[in-house]
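What follows is a group of structures, each given as structure tokens.
Look at the two complexes coming up: chain A is in both, with chain B in one and chain C in the other.
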Partner chain A sequence: MTSLPIVGFVALSAGLLAIGLFGVLTRRNLILILISVEIAMNAAILNFVYFAGFLGGAPALRGQSIAVVLVGFAATEVAVGLAIVLALHRVRGTINVAETSELRE
Partner chain B sequence: MSLEELAFLALAAVALGTAAAALLVRELVHTILWIALFFVDLSAIYFLLDAPFLGVLQLGVYAGAVTVLLLFGIMVTRKRIFSRDAATGIGAVPLALAVVTFIFLVASVGELPQAPTPVASIAPQYLSEALFGTFGPWLLLLGLVMLVAVSGAIYLVREGRE
Partner chain C sequence: MGALNGLFGYAFLVPLLMVASFAIVGLAGGRLKRLEWGGWVAVAFSGAAMVVGVLISVGEMLSPSSYTNVQYTWLHLPPAPGTFPNGFELVVGTLVDPISALLLLVVTVVGFLVMLYSIGYMHHDRGLPRYYAELSLFLAAMTGLVLANNLLEFFVFWELVGVCSYFLIGFYYEKPSAASAAKEAFLVTRVGDVMFLLGIFLYFSTYAQAGPAGGWAANGFVFVHGAQPFVPVGTGNGTTLTIAGILILGGAAGKSAQFPLHVWLPDAMEGPTTVSALIHAATMVAAGVYLLAVTSLFLGFTATDSLVIVAIGGFTAFFAATMAVVHPDIKRVIAYSTISQLGYMVLAIGAGFAMVGLYHLFTHAFFKALLFLAAGSVIHAVGTQNLFQMGGLKKRMRLTAAAFAIGGLALAGIPPFAGFWSKDDILAAVFSQLGSHPAYWPFFLLAFAGVFLTAYYIFRAWFLAFSGPTTRDPTLPEAHEGPWVMQVPLVVLSGFAVVAGLFVFLPGFPGLLLNGAGVAGIPPHYGTTELLLSGASVGLAAAGIGLAWFLWGNGRVFVLPESSPAQPVCRLLLARYHFKEAYDWVGLRAVYTVARAADFVDQYVIDGTVHGFERAFAAISDRLRRIQSGIVSDYAAYVVAGLLLVFVLLLLVAPWIVARLGGS
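Right after this comes the complex of A and B.
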């Protein structure tokens, strides 16, 4: 049976969320922002999987089921996000969020 | 330190490194390569956690579909695929915010066992029973959300707007 430290996993997913947050705040390209959101989303999914593994039994099945559903939601999110990127590119000719600020004014 | 712990440390280091590299390189295609490696690495972590179904799902959905979708997005939004992005600085405030978030999250989980904890192995057949039994409504909801999302995506990119 595999034995792994919980603390390491908590640090890993917290680190991934921090990297994702940093990317969302600093990057200007919409695709890079989408990738940052995906990194943060993967940190959340990883959370469900490792706590499921450490708890075992019925909670493990529940945790992994939620993780499977979350992977589906994340894939949907990428599809819609890219549709927005393409629509923005067609209308504005750029996907740089610093140059597209009509809604702000 | 056991072999599994060493494997986990290596995989965790690769995960953090590739995620950071994906956001810091200036060539967008290199970003996609780093993020593909990140997804494959996470899949290896799922296999290490004895969650084979999620490992395969991660490989198929993320390393496969999402990576290609992102590459497609880059292909159609730039004239030359290999062109550098405008330089964006690190930014002191976002970096500080990220570090504070990390410290807050690690500090707020409370007392956790420091020693290695056994990981329960879950065979895919039991997972499928739970997925299509207890979580059946969730899967239906996921299907509905995907249908609406695809319809919305087609509406957004359809020809002849404006």
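Right after this comes the complex of A and C.
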């Protein structure tokens, strides 16, 4: 693993983040936005895993454990997010974010 | 020591009684079953005030030099090194001395008589409680002014009588001419008031440290009658003192309607005739003369000031008399006469004979109030002020005709009536100064010529109103004498108009006028020169009366031919020398232009700046408002944009700045 070039991994996570951000900014469907957030988050988790392997030793354990915790966070986040989506759909009959602009008031 | 001197400490009762009358009539007068009762309350209070005033005056006559102060310090400043090393205090108090006792006598007696006369004269008017309340307040302020023991207290009451005059001129406020006359009177006297206040400031800055016991300021500007004036009369010549004296003269000219601030007094005749008699003949307009007299005795005028005062007085005496010659309105003729007579008083004071001026003030108050009340009796009877509609009234109004004649003889200066003694004394006094002050000559001659005009115009009015077979305007109501409340004041004032001038020969009375150092001319001295002068002035007066009889007597009406060369002069006099137009023109052109410029600056510069900021912020916030779309994706985009900005700043801008600063 150590032979892999650092630039490739960083580029990979940067690409994932870009894809996620692009999805968040352009999609109007709330579920797709949630998925995009997950993708962007995976870029962060990947960074933890990669830099843990790159550094090795005690810091490696710390990085990998944080990655595991983050996966758990992502799962809870999705659960809460989907609950919001369901609730929104029940109240408004739509999950299109362009049609819900009450924040403006 | 007179037994009445113990009363001096209670002089404050006089204004206080009138304040009580003001409060009672003003607050409760409207609830009385009959509104005249409020008038009787005011009559009772002014009667009580008159008793106190007369007793104080008698006390002063018996032992002239004594005086009492009741002082209350309402402002005390601790000593401040440099400016006021002795501290500074303002006091309120009453000063009873011969001069104030003289004025107190005039104010309370005439005030009471006018109040009594009002019961009959104002009988038909609405707003009676207001009238009696305002008249009471005026008497309170006027007696307060007379009794004030320092210049600032004097100024406070001075303003109070001014505002009362404003209220009472505008008593018939539904009439536009009355409302505008009230405004005019207030504004014109205000010009004088501002000058007066500036004069006080100048004297203050000059004399704050001068005088006994730490300076005048440390003693609260208290008048010190009887002491030597700060500037010996007619000698000092400091520029500051000259300006201060001129400013004081300006204040006096505003109040006493002297040229060039005379325009308001004839228009003030829009008020009830009783108000004209009390305020605009006997008391308030005399306050300016009183101020000049007090200033000349206490502070003293410089030689330049004296000349200016003589000039203003002498010129006004003649100038106002010329306008009275042609006027068709009975009240305005008397008003011009008042201006003219006040001019004589100012002339005497300017020539250094303050007491002689006050002597004329004393006699004038009675016979001029008498003339006004007699005119009021006529107006009450026939309902017009136009002399050319009257005529033949003496058959139906014998008392009024006699009273007006007595007032006219006193005004014209026919012995032994009151005006003769005091006016003659003025002429003799000024004449005695001509040797040392040749510059007084023209003004003496103007005043002397004024004697002829005075006699002419007042008897022209008498002949037009009272003589002849019948009333000229048959539509006028049948004339009749007023009720007893109007007749009694006429009789009493007629008595005063006959004998007031002779008071000065009584033992005791000259004490009221013999106050202070360097007083000459009281009582009048009759040597050969003075007798010749008196003879000449009485001859002039008699000639004036004769001319009036020749032109207007027995129902004759003298019409100036259209082709007469005097016609333009007559028109100029009727137009009052165009002074009112000139002031209006100045007001419209100069003041209005300044006001428009100020308005432009206000609207476009000041308001423009404010509105500009307002519009700029409104526009910016209108733009900013649009980013609040409520759509979450937009907010996410702002977050990303912000994040990118932070990266750019951190990674690109910050290193560049560090490199530029050459930091470590």
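Everything that follows uses one rule, which is that the second predicted complex is superposed on the first by the 103 of 105 C-alpha atoms of A that agree within 3 Å, B and C clash if a C-alpha of one lies under 4 Å from a C-alpha of the other, contacts with A are read in each partner's own complex, and residues count from 1 in each chain.
By definition in this document, a contact is a pair of C-beta atoms (placed from the backbone, for glycine too) under 8 Å apart; a residue touches a chain by one contact, two chains touch by 3 or more.
The structure displayed is predicted, hence computed values, not measured ones.
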Clash-or-fit label for the pair chain B, chain C on chain A: fit
First (chain B), second (chain C), both or neither touched by A:Ala75: first
Partner chain in contact with A:Leu25 - chain B first, chain C second, else both or neither: both
Touching partner for A:Val97 - first (chain B), second (chain C), both, neither: second
Chain A: partner with more touched residues, chain B or chain C: B
Chain B versus chain C as contact partner of A:Gly53, first or second or both or neither: first
Per-pair minimum CA distance [chain C against chain B, superposed on A] in Å: 6
Contact residues common to both interfaces of chain A (with chain B and with chain C): 21, 25-28
Of all residues in chain A, those that touch chain C in their complex: 21, 24-28, 33, 97-98, 100-105
Chain A - residues contacting chain B, complex: 1-8, 10-12, 14-23, 25-29, 31-32, 34-36, 38-39, 42, 46, 49-50, 52-57, 60-62, 64-69, 71-80, 82-87, 89-91, 95-96
For the chain B and chain A complex, residues of the former touching the latter: 2, 4-5, 8-9, 12, 15-16, 19-20, 22-23, 28, 31, 35, 38-39, 42, 45-46, 48-51, 53-54, 57-58, 61-62, 65-66, 69-70, 72-74, 76-77, 85-86, 88-91, 93-95, 97-99, 101-102, 105-106, 109, 112-122, 126-127, 129-131, 134-135, 138-139, 142, 145-146, 149-150, 152-154, 156-157, 162
Of chain C, residues touching chain A in the complex: 628-633, 635-637, 640
